[in-house]
Structure formats: structure tokens, C-alpha cells
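Below you'll find a set of structures to go through.
One chain, subunit A, links the two complexes that follow: it is found with subunit B in the first and with subunit C in the second.
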Partner chain A sequence: MLNITEKILARASGKKEVSPGDVVFVNVDKVMVHDVSGPGVLAVFEKLRKKGMTIDKVWDPERVWVAEDHFVPAADKISAQNIVLLTNFTKQFGIKKHFKYGMGQYGICHTLSHEEAMVLPGEVYVGGDSHTNTTGALGAFAAGLGHTDVAYVLLNGKIWFKVPETLFFKLNGKLPDHVMAKDLILKIIGDIGTDGAAYKTMQFGGTGVSEMSVESRLTLTNMTTEAGAKSGIVEPDQKIREYLAARGITRYDEVHGDADAQYEKVYEYEGSEMEPIVAKPFSPENTVVARDLSSVELDKAYIGSCTGAKLEDLEAAAKILKGRTVKIRTEVLPAAMSIFRKAMDGGLLKIFLDAGVVVGPPTCGACCGAHMGVLAKDEICISTTNRNFPGRMGHIESQTYLASPLVAAASAVTGKITDPRDLK
Partner chain B sequence: MEPFKKIKSIATPLDKVNVDTDQIVPKQFLKLIQRTGFGQYLFYDWRYEKGGLPRKDFVLNDPAYGHSRILLARDNFGCGSSREHAVWALDDYGFKVIISTSFADIFYNNCFKNGILPIRVSDEILEKLFSTKSEIEVDLETQSIKADNVSISFQIEPHWKKILLEGLDDIAMTLLHEEQIASYEKSHKI
Partner chain C sequence: MKGSVIKYERDNIDTDVILPGPYLKIHDYAELATHAMEGLDKDFHKRVKPGDFIVAGKNFGCGSSREHAPIALSYSGIKAVLALSFARIFYRNAVDGAFLLPIEIDESAYKDISDSDSLEVNISANEIRNLTKNKVYKMKPFPDLIGKIVEAGGLFNYKP
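Now for the complex of A and B:
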């Protein structure tokens, strides 16, 4: 009667079974830091050193990996320095999996986690970033931690968790062609609120999810963070196996929930009833159907981030932009170099450039309002990203509407928020 | 960390829901490498005008709350990015207690790692605390909150209470006592 999350946590803590509310010490399989949490963790190490602790190794350098994503290309002198710090750290501690900007494959950490199969089904994965939940779509327990917790894991390979309750979201039937996983997760967050899954796991299933691509599932788990969830997860299936096999990985130990698995609550959604959804400023729960916003005039469309710049997100945008030109400033930033290459090989980059779009390097930059195209005061952006808090993408008085790549691309063409069905 | 005992202070009322960690410490300050000194950046965009002058209408700039060590917040405080800098800033500024109806999960955990006590209370109690003009006393040992119009007990996970009361560094402590924590937690389940 255990669900997949309980089973993973039971196995990782050497127990036969666990129930929600139990505190368990689990062995961690993989841990990730990036160019914001890495220096943060190093600051915690410094504090511990001052207290007399010797820190000259991590528990297992093979299980640690590092991404450069938030402030690359280096936004300024301090961020350049942080990359140097990160490089010295991985050298000193013998961490080989460091995806460096400008040296082949690199990209947003949550995208690399699946593109590079850094995490496998059944594993416990933690990272110094709140969207670590994303990787749960591969059938792993994946959760974000603060810097002190990550420092602890780096030293000990363990962490404690309170076993979360699980909310099960069941999608019956396929989504219509004009609706993407992004619309479904926005709809769900609008229904349960930004703390609707606080310290809970959001599990996705049903025929609609079984039919979904791996990348679509990753969009669902990615935004569980916006509902306050501890983690998001999908049971691994043949699609996951094929996805990993395409990356040369066939050996791992899948975990599945029992047939009579228990969930705190089950929510059902009918695929055929779903519509394009947009979250208005300044909260991801502030959702309406896209058509209700057709009078909102925009300054910019942004197709990027771990949420909305995977290959199929770019394909969706290209489907709309093919043979059309954009009316507002539009940026496409593939979430990893591997996706950039596939977009080039598949002719998507030409479609974007022909439409007048700027294509940029993978970075979290503008999604978190840090650099690489931030918004001015009063500017309004439609974005495939995951957050629209005040000032998230730039000036505190700018506004961000969250949408699927189809809606973002259709809106780029008209300059107003546009349901892709209404595009002429 | 300093052992946490009793805090008695005027409370700063931050009357906003869903305050995310980017409001607590804006992204431009995440690049700083050291762990200290973040207090000056706390609520930066709300606290300062463009030229760096304090905004008179923001509660932190009200001299009445100048020595406040308790922050009153609203639903889902600390949501968004997992940046621990947010807690470092609150701590460095001087807040030792945050009272709200709910907290985001990673933020909540980060608080304890840095000697801050986050307390969840009901809507009704929070309203009363927002309306009090008296000092608020928070006693961790007895798990109680007292003000002129409120006297309640609050819940806290047992191991977090122990860590704060004894001023234990979470990392050092878990290194030594992880099994004890598990059994302690089991016998004191809330």
C-alpha cells in the first residue's frame, strides 16, 4: 500500500516501509549545486572551518555534479569570480561532472539532469535549487534544499526528510493539440494555490500522463515547486526507459508504487476539457484562460528556462512562428546546448531567425531577472518560465504572464496575449 | 549558534501574502560570496528608493520597529527560490522569530539552520498579533507566545526545538546524533 515516493524513501533509508510524517535518514544518490548555491555552500564550509572542522573532501565526488546556469555568460565581475570559485571547488574536490559554459554541453541544471541522465529512476536526488523537483519526472525522489542542507549532504551523503503526504493528479485522456503540459500545471496551481501542496509530493498519472512525452512530464514536475511541493513525481514507464536508453543508460533500479498505494487526495482532470491557461502577475496561482486576456498588450515574449525551453517547447513555438514574423521583442533561449544543437539540426533556428526572433545561449539569466534581457519599468512580458512574482524578470514594476510555448509564440506574433487557436 | 531562549520585542508587521525570497533578498545580491552582511539588503526593493534613500512608507523604516526582533508575516512566507541568503539577511538584520500562518518548505527548514524560529499560528491569532501594540514574548522552552491580547502555545518539531534551545549547529549536531534524532522524533511525534 505504499506509493512510489514512500517506497523510494523506504529503500533509501533501509526500511521496509515508511508512512507520511515519519522522519527518515536517507542515503542520497546524486547532489547538484550551481553557480548560486555552490558559492553559498562554500560559504557554509567556511563557517564550519572557522569552527574547527576539517573539510578537504566530499563524501563521493562521483555523485556530485555542478552546473553553471544563473549568471552565465558572466553578468559582471562578481559572477565571473563565482565561476572561478566553482571551478576551484570542483578541481579541489575531484568533481568531474562540471558542465562549464563555453565547453561543450552546458545548460540549466534541471535540464541537464534529464538531458544528461544525471539522475535515474528510483534514486534520491537533491539540489541547491528550488526547482530540483523537476527531475522527479524520471521516477526519482527529487527535492530542493538550502545551502546548509546541501553542505551537509556533500559531507555525509545523507539527509533527513519527513516523509511527505502525496497528492495524486490524474489526467484522463490526451490533451488537445493546442494545450500543453504547461497549461495543465498552471490550471492545477490555480486550483490548489501556491501553498496547496506545501510539504507534499505531487504525483501525476492517468492515461493522459502515460501518453505524454517525457519532456511534457518534466514541465509538470518542474512547477510543483510553485504549489509549494516538496517534490513532484511520475511513475517510470516505457517512455522513460526509451528516453534513458537513447542516452546509453539501461541499468537502474526502478521503483513503483503498490497497486493499492495510498494518496492523501486524488484530483481528476479531463484532458479534452483543458484549455490554454495563463497566470497573470504576480502569482502562478493567478490563472485564467488565455482568451480572457486577449486585450493585454505586450512588450516582450520570452521562450526560455527549465520549464519552457526543452526541445518540444521550441518545436511548439516554431510550429506557430513558421512563416510568420514577431510583432514584439522575442527571445528564444534553448535550455541546454544539446537542445540548441537539436534545434539547429531540426531547422528550428532558421524558423526563429526568419521570424525576427533573437536566439541566445542557455542561461537562467532573464527568467530570474538577473541579466541577459531584463524588463524595464511597466514592461509586460509573456513567458514560458515558472514564476511571475513582483520584479521576477526585471524591474519591480514590470509584469510577467506565464504561459505555454504555444501561447507565448502566438502572442509574439500578435503583440497581445493570444490563444493559438485564434491566430490567423 | 547562540542558544535560543526567550525573545521579547515589539513585532514588525509585514502585511503581505506570498512574500517570495526574491523580495527578501533580490537576485542582484546573490552573487556575493561571503555569508554575512546580508541584513543591509533585506527587502531591498521595498525598503529603498532608487537613489538608495529609505522609503518612508515601508514598515522596516518606521523607527517604532527599529529594535524589533520578531517579524509578523502572512501566508506562504519565503516561497520561490531556495536561496538561503534570504534567511541570512533576516538573521543579520536582527530577526530571530517569524510568525505567520504558513511558510514555504525550504525556507522553513533554512530558518532553523540559522537560529531563527519560524512559528505557524492560526489566522485568528495572527490577526490579534498584527493588531497588538504591546511587545510580544516568545518562549521556546514552554512553546508559548504572549502579548496583551494573546496567550497561546505553539507547535514545533521536537528536534528543531532541541537544536535551537541548545544552539547546536545543525550540521555538527546531525553528524553526531543522527540516530538519536530519529528515535527522539519517533517518540515525540506531533
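Now for the complex of A and C:
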């Protein structure tokens, strides 16, 4: 009667079974840091060294991987220095999986986690970033941690978790063509609120999810963070096996929930009833149907981030932008170089450039207001990203509307928030 | 612990306002402190005194995993945040890094405590004394492991 999350945590803590509320120390399979959390972890190491601790190795360098994403290309002297810190760290500790900006494959950490199959079904994966939840779509337990906790994992290979309650979200039937997984997860967050899944796991299933692509599932798990969830997960199936096989990986130990698995609550959604959804400023729970916002005039469209710049996100945007031109400034930033290349090979980049869009390098960039295209005072942006808190993408008095790539692209064409069905 | 209250009567105070994104590249704790709460209250750093408490509504610290958020508050002098509830990563960062105490209070205490009130927090008794109003509130006790980590002074000092 255990669900998949309970089974993974039981196995990782060496117990026969665990129940929600139990606090367990679990063995970690993979851990990730990036150019923000990495230097943060190194600051924790320094603090510990000052207290007399010797730190000259990590528990298992093969299980550690490093991304450069938040402040690349280096935004200024401090961020350039942070990349140097990260490089010295991976050299000193013998960490080989370091995806470096400007050296082939690199990109947003969560995107690399699946593009490069850094995490496998049944594993416990932690990362120094809140959207670590994303990778749960591969059938792993994936959760974000802060610097102290990641430092602890790097030295000890384990960390404590309270076994979460699981909320099960069942999608009955396919989503219509004009609706994306982004619309569904925004709808769910609007329904349950930004603390609606606090400390819990959000599991997705049902025929609609079975029929969904792996990338769409990743959009669902990615934004479980915005509902306060500890993790998001989908049971692995043939689509996941094919996705991993395409990346040369066939050996892993899948975990599945029991047939009589228990969930705290089950929510049901009918695929055919779903509509394009937009979250208004200043919270992802502030959702309405896109058509209700058709009078909102925009300054910018942003198609980027771990949430909204995977290959199928770019394909969706290109479908809209093909043969059209944008009315507001529009940026597309593929989430990883592998996706950038596929977008080039598939002719998507030409469509974007012909439409007047600027295509930039993979980076978290303006999604977290770090650099590259941040918003000015009073500017209004429609974005395929995940958060729209005050000041998230720039000036504290700027505004971000969260939407699917289809809605963002349609809005780029008209300059107003636009349901893709209403585009002439 | 004794100190005075800086109260924000709102829910979902997120990490982007506690420590805005552009400062994520900074890892100097004292410098981070100068930007604490910048997205919500520009005067915070002028006002905050060592030992102060923040009082806020539900889901405090939601959003990013940035440990910069509890660090910035801690190095500003904040000893504890008293809130209706906390987002999970902020909560564990605060406890595991021993930066400040995340204390859950109930609705009546939240309503009763005013800005600038003087409080005394007694963890072992799970009690908060309002010295200004001469009242006592209960705090939600720390769960077992959390209490032990708090007592040890952070995760690295805790021996499982």
C-alpha cells in the first residue's frame, strides 16, 4: 500500500516501509550544484574549515554534477569570479561532470538533468535549487535544498527528509491542441494555492499524463515548487524508458507504487475541459483563463527557462510565429545547447529570426531577474517561466504574466495577451 | 531571547523580496544583510536591531531555495521569524544552517502581536511572552529531529 515516493524513500533509508510524517536519513544517489548554490556551498565549507574541519574530498565525485546557468554568460565581475570558484572546486574535488558555458553541452541545470539523463528512475536526487523537483518526472524522488544541506550531502552522502504526504493529480484524457502542460499546472496551482502542497509530493497520473510527452510531464513537476511541494513525480513508463534509451541508458532500478497505494487526496481534471491559463502578477496562484486578459497590453514576451524552453516549448512557439512577425520585443532562450542545436536542425531558429525574435544563449537570465533582458519600471511581460513575484524579472514595479509557450508566442504577435485560438 | 517585533501583516513573503535575485551572486554574509527585505521594505536595514523578531503570516519564505534569504535576515540581526507557517526550504535552511529560528505561531498570537512589541521567546517552554502587552502565547513545538538540530546548533553539529 505504499506509493512510489514512499517506496523510494524506504529503499533509500534501508527500511521496509515508511509512512508520511516519518523523519528518515536517506542515501542520496545524485547531487547537483550550480553557479549560485555552488559558491554558497563553498562558503559553508569555509565556515566549517574555520571551525577546524578538514574538507578535502566529497563522498563520491561520480555522483556530483555541476551546472553553470544563473549568471552565464558572466553578468559582471562577481559572477565571473563565481564561475572560477566553481571550476576550481570541480578540479580540486575530481568532479568530472561539469557542464561549462562555451564548451559544448551546457544549460539550465534542470534541463540538463533530463537531457543528459543525470538522474534515473528510482533514485534520490537533491540539488541546490528549488526547481530540482523537475526531474521527478523521470520517476525519481527529486527535491531542492539549500547550501548547508547540499554541503552536508556532499560530505556525507545522505540527508534527512520528512516523508511527505502525496497529493495525486489525475488527468482524464488528452489536453486539446491549444492547451499545454503549462496551462494544466497553472490551473492546479490556482486551485490549490502557493502553499496548497506545502511539504507534500504532487504525483501526476491518469490517461492524460500517460499520453503526455516526457517534456510535458517535466513542465508539470517543474512547477510543483510553486505550490510549495517538496517534490513532484510521475511513475516511469515506456515513454521514460524510450527517452532514456535514446540517451544510451537502459540499466536502472525502477520503483512503482503498489496497486493499493495510498494518497492523501486525489484531484481529477478532464483534459477536454482545459483552457489556456495565465497567472497574473504577483503570484503563480493568481490564475485566470487567457481570454479574460485580452485587453492587457504588453512590452515584452520571454520564452525561456527550465519551465518553458524545452524543445517542444520552442516548437509550440514556432508553430505560432511561423510566417508572422512580433509586435513587441521577444526573446527565445533555449534551455540547453542540445535543445538549441535541435532547434537549429529543425528550422525553428529561422522561424524565430524571420519573426523578428532575438535568440539568446541558454541561461536562467531574466527569469530570476539576474541579467540579460530584465524588466524596467512599469514594464509588462508575458513569460513562459515559473514565478511572477514582485521584482522577479527586474524592477520591483514591473509585471510578469505566466503563460504557456503557445500563449506567449500568440501574445508576442498581437502585443496583447492572446489565446492562440483567437490569433488571425 | 528578547527583542522587538518587525511585523509584516501579509502571507507568502517570498525569497525574491527577502533577498532579490540580482544579489544571488553575493556570498559575503555581511553584504547580503544590507539587502535584506529590500523587495518589500526598503527601510528594513535602517530599522532592524540585533535580536529583533519578524512576525508574518503564512507560507513565509516561499519560492527559491536560496540560503541567502535566512542568511541576510540572520546577519541583519533577526533571531527568529514568527509566522503562521513556513515554506519548506526556507524552514530547513534556517534550522540546518542555524541562522535563525522559524517559529510557528497560531492565528490569535499573530493577530495580537503588534509592530514594535517587545517579546521574550522561551524555546524550552514553547512559550512567547509579550512584554509590552503582558500576555503569553504558545508556540508550536519543534518536531523531534528539528528540536535536536536546533539544540545542537545546526545540522553539522548534530550526530544522528
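One rule holds in what follows: the second predicted complex is superposed on the first by the 424 of 424 C-alpha atoms of A that agree within 3 Å, B and C clash if a C-alpha of one lies under 4 Å from a C-alpha of the other, contacts with A are read in each partner's own complex, and residues count from 1 in each chain.
The criterion applied here is as follows: a contact is a pair of C-beta atoms (placed from the backbone, for glycine too) under 8 Å apart; a residue touches a chain by one contact, two chains touch by 3 or more.
Computed from a prediction, not measured in an experiment: that's the story for all the values here.
K.L.:
Clash or fit: subunit B and subunit C on subunit A?
P.N.:
Subunit B/subunit C on subunit A - steric clash.
K.L.:
Thinking of the overlay built on chain A, is A:L293 touched by subunit B (first), by subunit C (second), by both, or by neither?
P.N.:
The answer is neither, since A:L293 touches no partner chain.
K.L.:
For A:L349, decide between first (touching subunit B), second (touching subunit C), both and neither.
P.N.:
neither
K.L.:
Name the contact category of A:K230: first (subunit B only), second (subunit C only), both, or neither.
P.N.:
It touches subunit B and subunit C both.
K.L.:
Look at A:V332 in the shared chain and tell me whether it touches subunit B only, subunit C only, both, or neither; answer first, second, both or neither.
P.N.:
Neither subunit B nor subunit C is touched by A:V332.
K.L.:
What is the contact status of A:G40 with respect to subunit B (first) and subunit C (second): first, second, both, or neither?
P.N.:
Both: A:G40 reaches subunit B and subunit C.
K.L.:
Just to be sure I read the superposition right, which of the two partners does A:I277 touch: subunit B = first, subunit C = second, or both, or neither?
P.N.:
The answer is neither, since A:I277 touches no partner chain.
K.L.:
So which positions on subunit A get touched by both subunit B and subunit C?
P.N.:
23, 25, 36-37, 39-40, 42-44, 48, 53, 70-71, 75-76, 78-79, 82, 128-130, 144-149, 151-152, 160, 162, 194-195, 198-199, 228, 230, 283, 368-370, 387, 389-392, 396
K.L.:
Going by the contact rule at the top, pick out the subunit A residues touching subunit B in the complex.
P.N.:
Residues 21-25, 36-37, 39-40, 42-44, 46-48, 51, 53, 70-71, 75-76, 78-79, 81-82, 85, 128-130, 144-149, 151-152, 155-156, 158, 160, 162, 194-195, 198-199, 228, 230, 283, 368-370, 387, 389-392, 396.
K.L.:
Once bound in the complex, which stretches of subunit B touch subunit A?
P.N.:
18, 20, 22-23, 26-28, 30-35, 45, 75-76, 79-85, 87, 102, 104-107, 109-110, 113-114, 157, 159, 169-172, 174-175, 178-179, 181-182, 185-186, 189
K.L.:
Looking at the complex, which residues from subunit A come into contact with subunit C?
P.N.:
23, 25, 35-37, 39-40, 42-44, 48, 53, 70-71, 75-76, 78-79, 82, 128-130, 132, 144-149, 151-152, 160, 162, 194-195, 198-199, 228, 230, 283, 368-371, 387, 389-392, 396
K.L.:
Flag every residue of subunit C that touches subunit A in the complex, lowest number first.
P.N.:
Listed in rising order, the residues of subunit C that touch subunit A are 12, 14, 16-17, 20-22, 24-27, 29, 39-40, 58-59, 62-68, 70, 85, 87-89, 92-93, 96-97, 143-145, 154-156, 160.
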